[in-house]
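The structures considered in this document are given below.
What follows is chain A paired twice: with chain B in the first complex and chain C in the second.
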Partner chain A sequence: MVYQIVRKEILENLMSLRFTLSLLLTVSLFAASTFIFVDNHRQQLDDYWNKTNENLSAFRERSAQLYKLAFYEQHVYRKPKLLALCAGGFEQSLPGHFTFDAFAVDLPQLAGQSNFTLPRFADVDWAFIVSLIFSFIAFVFAYDSICGERERGTLRLILAGATPRATILLGKYIGLILTLGIPLLLGLLVSLIIVVTARVGVVGPAIWTRILSIVALSFLYLSIFVFLGLFVSTRTARSSISMATLLLVWVVLIILIPSLGRLISDRLQRSPTAEEFERAKSEAIRRVDNAVSAGKFGKNAGRRTSNREECNPPARARYANAGADAVNQVIERHHSRMVAQAQTGRYFTCISPAVVYQRMSEAIAGTGISRCVNIYQQIKQYQVQLKEYIRDRDREDPDSLHLLFDEEHSVAEWNAISKRPVSFDTVPKFQERDLALGKSLQLAIWDIGLLALFNLVFFAASFVSFLRYDVR
Partner chain B sequence: MIWKIAKKEFLLNLMTFKFALGTVLCTVLVAVFVPVLADDYQQRLQKYSQQVIDNEAKLRQVKAYRVLTPTIYRRPQVFSVFSQGLEKHLGDSARIDFGMIPEINAAPAELNPYLSVFPTFDVLLIFKIVMSALALLVAYDVVSGEKEQGTLGLTLSNRVARGHILLGKLVAGALTLAVPTTVAFIVGLLLLLSFSSIDLQASDWVRIAVMYIASLAFVLAVYNVGLLFSCLTRSSALALVLGLFFWVLAIVVIPNGSVYLARRIQPVETAEARDKQIRSLEQEFKQDLSAAYDQLPPGRGSEYDAGGPFDAYGPMGGVFNYYTVICAPSRVESWKKRVQIEASLKMKYANKLWEVERDYIRGLLKQTGLAKNIGRISPTCLYENAMSALAGTDLPDFQAWTATAGTYRDSLIAYIRGKTDNLRSVSYFTQSTEAERIEYEKNPESGRELRDRVRRRTKPLNLEDLPRFTYATGVTQGLRRAGTDLMLLVVFNILFYSLSFMAFQKYDVR
Partner chain C sequence: MIEIDELTKRYEDGVLALDHVSYSVEPGEIFCLLGANGAGKTTTINILLDFIPPTSGSATINGHDCNKFPLEAKKYVSYVSENVQLYGMFTARQNLAFFAELAGKKGLKKKDYDDVMRTVGLPERALRMRLKHFSKGMRQKLGIAIALLKDPPAILMDEPTSGLDPTSAQEFLAQLRLLRERGKAILMTTHDIFRAKLIADRVGIMKQGRLVAIRKKQDFKHADLEEIYMHEMQAAETV
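Entry: the complex of A and B
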């Protein structure tokens, strides 16, 4: 029986104008956005490789003298990702330029072709199309599925048969999901065909799994709206009222609540201002300087001349490293506070499934804020690796003092680190690593749970109200 | 007759569920969020006044014209509550210095870049989404619904012109939609006025009035689109579906898609390319400066205070930003030359830097302009443009502010030149007297002690006649900018109404 209801629903939907319109709208959106994406992506990749090669060749020059490797300010850029097609994560307006040497990482900066005079906008990516357009289409299909049949009188006829109400609801649900699946899958297919034929990047198995999980979770997301639509449809007697209600629900859930993020994060968690940040930095430096005067790092730590015999290099090294560490801590704290501020806004807007879906697809695609944080942490790890490497190679040089610290002049003049050339191939280079799929899913697990919970709640609601629905 | 139809329609609309729901939702949202937004504005205003006070306090400590580099701030706009525009996106301060010309820039670094993932939230958002949805819901069954009920045939069997019926329906729709708009506006304004720090001038009321008209025009535009669909279709369900798809295009797809498209059509220069140019100019500046200094007799032999009240890193670095407390008289001439060279080089490079910056920004503005023009096919974008122009939070207003800041820089430089005999006077860089300087040269060991004495003796400059920075958002300019978009909105209305008129003339009422 379920099969028959599903079949009837799908056939009926397929013939309707709304289906034609949704198909046209979504498929053309998918196609247009993918064309633009492919073009942009190609250009961004060129740009990225130019900048990265520039950085690497400058880094290579430094390998003529081992100590210089530690002091070279590396420029690392966020690599454009193919999966940004699924969820761009607003990366255009997020900082994507990281500068660091072996001792310190600066705050990430905005990079590339970001245009600050533009109004804030969303990239038209899959996440955008699914979370905004498809949720809307789900409502457009679902609004009259119960009350519309009641108005036409067909609901009574079905119920007069031996079909249980649960079966009808299930049939309608499956029918709607399948109907929505047609434009969604068709659109995704078009999009993927464009990407694959344009050969902008290798679509490997790892990317396919991610894409498939995003598609699967998109259905989980859409199912919320189908349930919600069915629920409202069973609560109302007339389909026009049902549509009005659903439209306003959509407005609140999809547009208004996500927009509150900024307001909430501004109120709940202020990130420190630039002045406070500078003050904290100078405070940290002052504390280390006080420690020097107190003789904490050893004798003569504050003394610096070009002759190393006159100074106390180990003490100086301890002092310089303590200073660098103190500043690093301040920067790191500032950065994590900024991230925390942005995340607070998102936590509190999680009542909107659109926000949850957006965050989840970002996590799986490996884009967005969490990627910036990830790169930042990887740079920290890389610094350790680089220092380790320099220390290792330095041991081979008997003339050197074997002291690696953040003061280029002293290191050079005192020969604190070897000045011998090293082969550039052995030098560790920074390479951004994507999170493994398991890790990404772990990041997304709460969001997936939340989507499932939404499903459950609206399923229960629609089920109960349909059981009690008055078909007269 | 028109009036009768309008009255009937209006009363029928008032009784509907959708009307009640839309009105209540809109009013509640406005009532809840206007206080929050107004409080946000108040906080920004407080920060602004604090910054201005801090700047004044620093001005009172300045002891030489050379270190007179005040910072000016842009006052947050009251109507950012209604339309936030670019208020939180763009920089709102400028350092006035020989070394730089103010130009539009991104919001200061203290603003968290990660917050850019959030959309803006203002009263405009509530209006443009909720009210347009309501307009659509009111309009979709105006004609096709009556046909379905059979009442349209009855009406037309009388001696009523079709044009009159449609006009009556338009009037009824306008009246119906004016109710929630008016209520929301009044509620919002009352709540806004209840804040003590907010008081509105006469010109503000003009802007509010035009904002109200713009809102009505926008809502009516959506209503007219719904009317057209209603006249084109035979069933109201069909009209609704068509209307909904138009709505989602106008509200969601076009505003985002236009920007996405514009970024593709009109790519901008990368920030790195500009930064590279700027860095090389800075390098060049430093080289030029030291080359010019090398030709002078050494100018040290003086005691100075690093920094000064306006201690900040300018585009050229803060290295040169110190106040000379005292110097040896034999060095005075050399110092004079030094600071003159410094000032002229700074100005020269300020122009060069500005050219780089301006070219970069010109590219950005082109892209933004294109995005704006593409967006103009959607009434939502027209409405947004008009509202932000009226609120004074749009790009041209920031440009005007920046231009005023540039003029202020010129007047400040002229002021300093006037006070210091075109930078030739000693008072440009020090306040020490001839006698003190002689004493300093005679007795170089006591330099530090003498410096402290002179520092205590010298008073800050009397800056009473310093030109002050004032900027008032041009209301007429704002109105003019909004005028274009308002006109387009009216054209949109007329176009869609005449289309529905034509469709209705041929409408089959059976």
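Entry: the complex of A and C
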């Protein structure tokens, strides 16, 4: 019986004008967004490689003297990802440029923003099309599933037969999901064909796995809207009221609540302004200077001349490192608050399935805020690795003072770190590591759970409501 | 085949729609329920189809309680509504196939569809027509065709001749006679006393939820059924 209802639903939907319009709209949207993405991605990749190679060349030059490696300000750029096509994760609004040396990591840099709060508008990627357009299409197909049949009188005829209501609901649900699947899969196929033929990147098995995961979870997301549509359809007697109700629900869930994210994060978790940040740094340095005056780092720690005999290099190193540590702590705190500001809005708006789906897609695609945080952490790890390398090489030089501290002039003048050349091949280089799929899924697991919970709630609601639905 | 026993329905707002109504419809019999709007005719159908539960009493089809075992009971019944509304974008054949398959009739062949269309007086070419192009009379006939394809022992009809032109109504009555010949138990609600007289084996007269009288064919065959109806209504008023 389910099969008959599914077939009837699909056939009825396919013959409708709304299906034709949905198909045209979504496939053209997928195609247009992919063309734009491919064009931008190619340009971004060129920029990325140019800048990365420039950075490496400059870094290579510094290997002529070991100490210079420590003080070279490296520039790391976020590599444009092919999977940003699926879920760009507000890539344009997130830090794309990181600078650091062996002692400090600067705050990630953003274009035109002082911190990475959520932007008001997302890029048109797969996640955007699915979360915004397909959720609406799901409502357009589901709004009259029950009340429309009641209005036409066909529901009475179906229920006059020996078909259980649960079977009818299940058939309608499957029919709607499969109907939605046609424009979705067709759109994705068009998008993938454009990407593959444009040869902007290698679509390997790892990327395919992530793409398939996102597609599968897109159905989980759309299923919520189908159940919600069925629920509202079972709660109303007229399809016009059902459509109006669902339109309101859509505006609230897809437009209003996600937009509140920025407002909430700005109010609840505002990160310090640039002035406050500078003030905090000055305060940290002042505290270290006070400690110098109190003789905490040893005699003559505050004194610096080109003649190391007149100074106390170990005390000076302790002082300089204490200063660097203090500033690093301020930067670290500021960075954490920036991340928290961006994430708070999403925590508070996850009653919207669109926010949850967006966050989940980003986690699986390996984009978004998590990726930026991940790069930042990897840079920190790399910094430790670089310092270790410099220390090890420095030990081989008997002329060096073996003092690694953040004061380039003093280090150079006092020969605090070796000035011998090193082989650039042996120098560790920063390489961004993508999270493994398992780790990405782990990041997304709560969101997947939330989507499943939404499904369960709306399934139960529509089921109970339909069992009690007055068909007269 | 259809048994109504002390059936009572009181709605939540206190309205008594059915008041201890009892009767039965036997195989090969057409039982017409007559009554004004709100007399409880459609409520009876709604209870038989499990669209609403009874307050007390029982309704059974082929021995299966319509409230306790509705799916079992509905295996033995077809329903033709006042205004048969099917899927307008589908052809007659697609509509027939859908409802027949829902009723468990699978693997029907073109001949089966042609036969049923001929039986209900629809041209075979109508099978390929979309329902949105059908007149009300044609849709009513297709409703009968759906009932015939299911081939149950009982048929419920709710005001089936309402809005039909005289020719279509006459054709419809011919279909009913055919169904009776095939041994179907038919319960039909109607306002149309004229056609009830022509077709019914028995009539039940309802007023404000009560079954005030049951008359057999021989009681009204040579009498004016409208007069009997008015008389019974007035008598019920007096009581």
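One rule holds in what follows: the second predicted complex is superposed on the first by the 461 of 472 C-alpha atoms of A that agree within 3 Å, B and C clash if a C-alpha of one lies under 4 Å from a C-alpha of the other, contacts with A are read in each partner's own complex, and residues count from 1 in each chain.
Definition applied: a contact is a pair of C-beta atoms (placed from the backbone, for glycine too) under 8 Å apart; a residue touches a chain by one contact, two chains touch by 3 or more.
Bear in mind the structure is a predicted one, so any value in this text is a computation, not a measurement.
Asker: Name the contact category of A:164: first (chain B only), second (chain C only), both, or neither.
Answerer: In the superposition, A:164 touches chain C alone.
Asker: Does the superposition put A:153 against chain B (first), chain C (second), both, or neither?
Answerer: Once the two structures are laid over each other on A, A:153 reaches chain C alone.
Asker: Could you tell me if A:312 is touching chain B, chain C, both of them or neither one (first, second, both, neither)?
Answerer: neither
Asker: Counting touched residues of chain A, say whether chain B or chain C comes out ahead.
Answerer: Larger number of chain A residues touched: B.
Asker: I'd like to know which partner A:352 touches here: chain B for first, chain C for second, both or neither.
Answerer: neither
Asker: One more residue to check, A:15. First (chain B), second (chain C), both or neither?
Answerer: In the superposed model, A:15 contacts chain C only, not chain B.
Asker: Could you tell me if A:361 is touching chain B, chain C, both of them or neither one (first, second, both, neither)?
Answerer: After superposing on A, A:361 lies clear of both chain B and chain C.
Asker: In the superposed arrangement, what residues of chain A touch both chain B and chain C?
Answerer: none
Asker: Where on chain A is chain B touching in the complex?
Answerer: Answer in residue numbers: 17-18, 21-22, 25, 29, 32-33, 36, 39-40, 43, 47, 51, 89-90, 92-95, 97, 107-108, 110-124, 128, 132-133, 136, 140, 144, 239-241, 243-245, 247-248, 251-252, 255-256, 258-263, 265-267, 271-275, 277, 338-339, 341-342, 345-346, 368-369, 372.
Asker: Help me check something: in the complex, which residues belonging to chain A touch chain C?
Answerer: It comes out as residues 1, 4-5, 8, 11-12, 15-16, 152-154, 156-164, 470-472.
Asker: Once bound in the complex, which stretches of chain C touch chain A?
Answerer: Per the touch definition, chain C meets chain A at residues 46, 49, 51-52, 71-72, 74-75, 77-79, 81, 83-90, 94, 98-99, 101-104, 146, 150, 156.
Asker: Inside the complex, what are the residues of chain B that reach chain A?
Answerer: 17-18, 21-22, 25, 29, 36-37, 40, 85-86, 88-90, 104-110, 112-121, 125-126, 129-130, 133, 136-137, 141, 236-238, 240-242, 244-245, 248-249, 251-253, 255-257, 259-261, 263-264, 267-272, 361, 364-365, 367-368, 371, 384, 395
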